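First up is the structure itself, then whatever we jot down about it.
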Amino acid sequence: MIEKPIISAAEAAGKIREGDSLMVGGFLACGSPHTIIQALKEKGTKNLTLICNDTAAHDLKSGKITGVGYLVQGKQFKKIIASHIGLNQETQRQMNAGETVVELVPQGTLAEQVRAAGSGLGGFLTPTGVGTEVEKGKQVILVNDRPFLLELPLKADVAIIKAKKADRAGNLVYNATARNFNPLMATAANLVIAEAEEIVEIGEIDPNEVHTPSIFVDFLVKAERLEW
Amino acid sequence: MIEKPIISAAEAAGKIREGDSLMVGGFLACGSPHTIIQALKEKGTKNLTLICNDTAAHDLKSGKITGVGYLVQGKQFKKIIASHIGLNQETQRQMNAGETVVELVPQGTLAEQVRAAGSGLGGFLTPTGVGTEVEKGKQVILVNDRPFLLELPLKADVAIIKAKKADRAGNLVYNATARNFNPLMATAANLVIAEAEEIVEIGEIDPNEVHTPSIFVDFLVKAERLEW
Amino acid sequence: MEYIANKENIAKRIAKFFKSGEVVNLGIGLPTLVGNYVPKDVTIVLQSENGMMGLGPAPAKGEENRDLTNAGSAPVTVQIGGCFFDSATSFGIIRGGHVDYTVLGVLEVDQEGNLANYKVPGKMVPGMGGAMDLTTGARVVIAATLHFEPSGASRMKRKCTLPLTAAREVNVVVTDLGLFEVMGDRFYLTECFEPYTPEWILEKTDADIVVKNDCRIVKID
Amino acid sequence: MEYIANKENIAKRIAKFFKSGEVVNLGIGLPTLVGNYVPKDVTIVLQSENGMMGLGPAPAKGEENRDLTNAGSAPVTVQIGGCFFDSATSFGIIRGGHVDYTVLGVLEVDQEGNLANYKVPGKMVPGMGGAMDLTTGARVVIAATLHFEPSGASRMKRKCTLPLTAAREVNVVVTDLGLFEVMGDRFYLTECFEPYTPEWILEKTDADIVVKNDCRIVKID
């Protein structure tokens, strides 16, 4: 196995270009790559398209922000694709003010779209969203007389994800519910940067316990910011 | 967590009824539930439909048989859905003689069909098989001008699978390449019986290392036959 | 008759639905309360759509694990015998029919079984999160809601006016007045909670409600 | 010119395609030989479609693990840093374009890039196994084959007559005579292996072959 380069969070942020589509792992900031997020906030790269389960939290009264909320605050996204923005009032403000395009996707559909992109599928049929606004503009296909929506794969230019442990080859292990979208996004972007709390030598992770195979990971970053 | 009943291989075989569709885990007999397979052979239940990656091995000259090959030998299947029958000359003989219907499916499509059934998808679009005999009778759907086949989910009445370790709740851990189709089949059958080499108390498997969540498993069988 | 909003009664009644071994997903808010009232001799498995089977209670102060939260980002624990998985697996479990009950909050629910709870256009748009998958995939969909909005209007409608979370997926509505089954474009009152009466409920609810022959008056405790 | 079948030359030449870090899937049979000739300074990752990244060589006698096999059910080892996964993940990796090279055996391969290797109707029907997904998903599809059938007919055809494993997916054909690229419904001879000559290859092969301007005569060693 070859070793993957360990780079700084600033270097990682530098690999994300203006206009890129960007997948960010995490679920309401749990399991998000906070070190890279902060570096990307400092870098200030704009016109990104975010693909993330949600936009974490931003309470406009208290000013408290978590996870990708920092990037929303910096208005770094022209478009946000997510299943939930309920805890981020700034996202809702930008959406209602027409400053940022927000596309809401059912969570299971979003997860499956990312998986489909990583798995080379042309799409999938889901019963989720039939008869709702989610159906709009989509092909409805009947299978045994039951209607399904044809949902298409969702790829990104870059994915930034967070693991508990990585080996130098890029094999990843996640912890508890910090797993969420991270392993899916690892498969679906042209460039994958994994932030890990611990980076160990090749051979130190049991091959039965690897959650993300090394071949998906291009660069490693040592996690320095663990709080949301 | 409630405990799942531990039953004998004979009891497990007794839950498979004439005419059932039956998923069997394993890849050329590696990771197959050999103890239950032998009990089902003794029971002699007929008219089953097999869903399995392959039909393992049966060399008509030497008489050597592995895995589900024993059930093929007993002519217990009226239909076989598999991706590969190359090492089982008896399957080929039955097919060519018109004794058993054999449906060959690309391996990745078969895996995804089982997953789709377990995941509540109505189907998926795959590029695999376009322009080949696999395309016959299937809907071709263009996505961005690229043709894909619409493949449908594949469910079963019963799945018999094999794990390295189970806890009493039914959480499963597989070993090495003996994993293969087992975790997929655990999700896609009405009744799931898992054969395990080791059955431990609830709490003895790290929740981060579970491959198949307990809720998929209905019954446990202690593995007694490990050789193919 | 005086109406006093009572979320606990809703949670208490819903908690009686479950049998040991069943898999349940409780939404954030009112539905979460249901977990407090599951009878001690019933062992259910709580699924959390952010990737866990065996959701446990909140940890003791100081014992929080930043990697272990529920779908509302609150710190939780995992039960012995639980496990973790990714979001595609989590929704495979949900859509695949492996969750027996989903209990969801309500903005509006109507007699066709439609549910609206994710969007008030131009005002509040939290997003659907996992609710659309849950209502589609779970074996039984229970809508849990106070019977009345603060304005006094019933949340049970003839027809939802807000964007739908689920089209014709709701099986049961439990309010603080009673338990309603949804069938054939009608609500069927099957349990009326003390001190309310079927007549009073019908009078206060602008929807087609059939009082079942065997409708019982139930004291929730 | 006398033809002496030489599988090793095919394997040796294919092994030179790979760069360190690339992911390669080798089919059973002739393609497996390729693994023996990968240069020592090139570190590739072998994927095995039965669920492994980092396929290693056969174990020493007595060291076999019945849970650790390749896609042909032969005992193998796993390299340090390898890992295991289920069949859906394995084919997600394959179809998703994460395998750089797939090397497959041949019954027939034609100038349109069609490959037939899984079925001789009524005679031999092993099944396609993972070959259809591999040819569809891998970045580069290499067909590896002795140039001639035992009968003396070329396996490189104008048009396959057997059921196809892959329609227009083959990028490169390596035989024991030379290396051919497939483009625009033609074979392009880009390397001719000693002692054969382009003229002899063209004469012996019933297919449209263009000899590339920069076609080299190569000694395989």
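Going in written order, the chains are labelled A, B, C and D, and every chain counts its residues from 1.
As a working rule, a residue touches a chain if its C-beta (ideal position, glycine included) is under 8 Å from a C-beta of that chain, and two chains touch if they have at least 3 such contacts.
For clarity, every value in this text was computed on a predicted model and none was experimentally measured.
Student: Enumerate, in label order, the chains that touch chain B and chain C alike.
Tutor: Shared contacts of chain B and chain C: A.
Student: Based on the averaged CA atom positions, which chain is farthest from chain C?
Tutor: D
Student: Using mean CA coordinates as chain centres, what's the gap between chain A and chain B in Å?
Tutor: Using C-alpha averages as centres, the distance is 33 Å.
Student: CA centre of chain B versus CA centre of chain D: separation in Å?
Tutor: Centres of chain B and chain D (C-alpha means) sit 29 Å apart.
Student: Between chain C and chain D, tell me the centre distance in angstrom, where each centre is the average of that chain's C-alpha atoms.
Tutor: Taking the mean C-alpha position of each chain, the two centres sit 56 Å apart.
Student: In chain A, which residues are in touch with two or more of the other chains?
Tutor: Answer for chain A, listing residues that touch two or more other chains: 112, 115, 119-121, 126-127, 174-176, 207-208.
Student: Could you pull out the residues of chain D that touch at least 2 other chains?
Tutor: 78, 84-85, 88, 91, 94-95, 136-137
Student: Report the topology of the inter-chain touch graph, choosing from line, ring, star, complete and other.
Tutor: other
Student: State which pairs of chains touch, listing all of them.
Tutor: The complete list of chain pairs in contact reads A-B, A-C, A-D, B-C, B-D.
Student: Taking the complex as given, what residues does chain C use to touch chain B?
Tutor: Residue positions touching the partner: 20-21, 23, 43, 45, 47, 52-54, 78-85, 88, 91-98, 136-137.
Student: What part of chain B is in contact with chain A in the complex they form?
Tutor: 112, 116, 119-127, 141, 143, 146, 148, 150, 152, 173-176, 207-209
Student: Mind pulling up the chain B residues that touch chain D in the complex?
Tutor: Result: residues 27-31, 53-54, 57, 82-87, 92, 95-96, 102, 104, 106-112, 114-115, 126-134, 164, 174-184, 211, 226-228 of chain B touch chain D.
Student: Spell out the residues on chain B that touch chain C in their complex, using ranges where they run on.
Tutor: Residues 1-2, 115, 117-121, 167, 169, 171, 187, 202-203, 205, 207-208, 210, 213-216.
Student: Taking the touch rule as given, give the residues of chain D at its contact with chain B in the complex, in rising order.
Tutor: 48-52, 65-73, 78, 84-88, 90-91, 94-95, 114, 118-119, 122, 124-133, 136-137, 163-168
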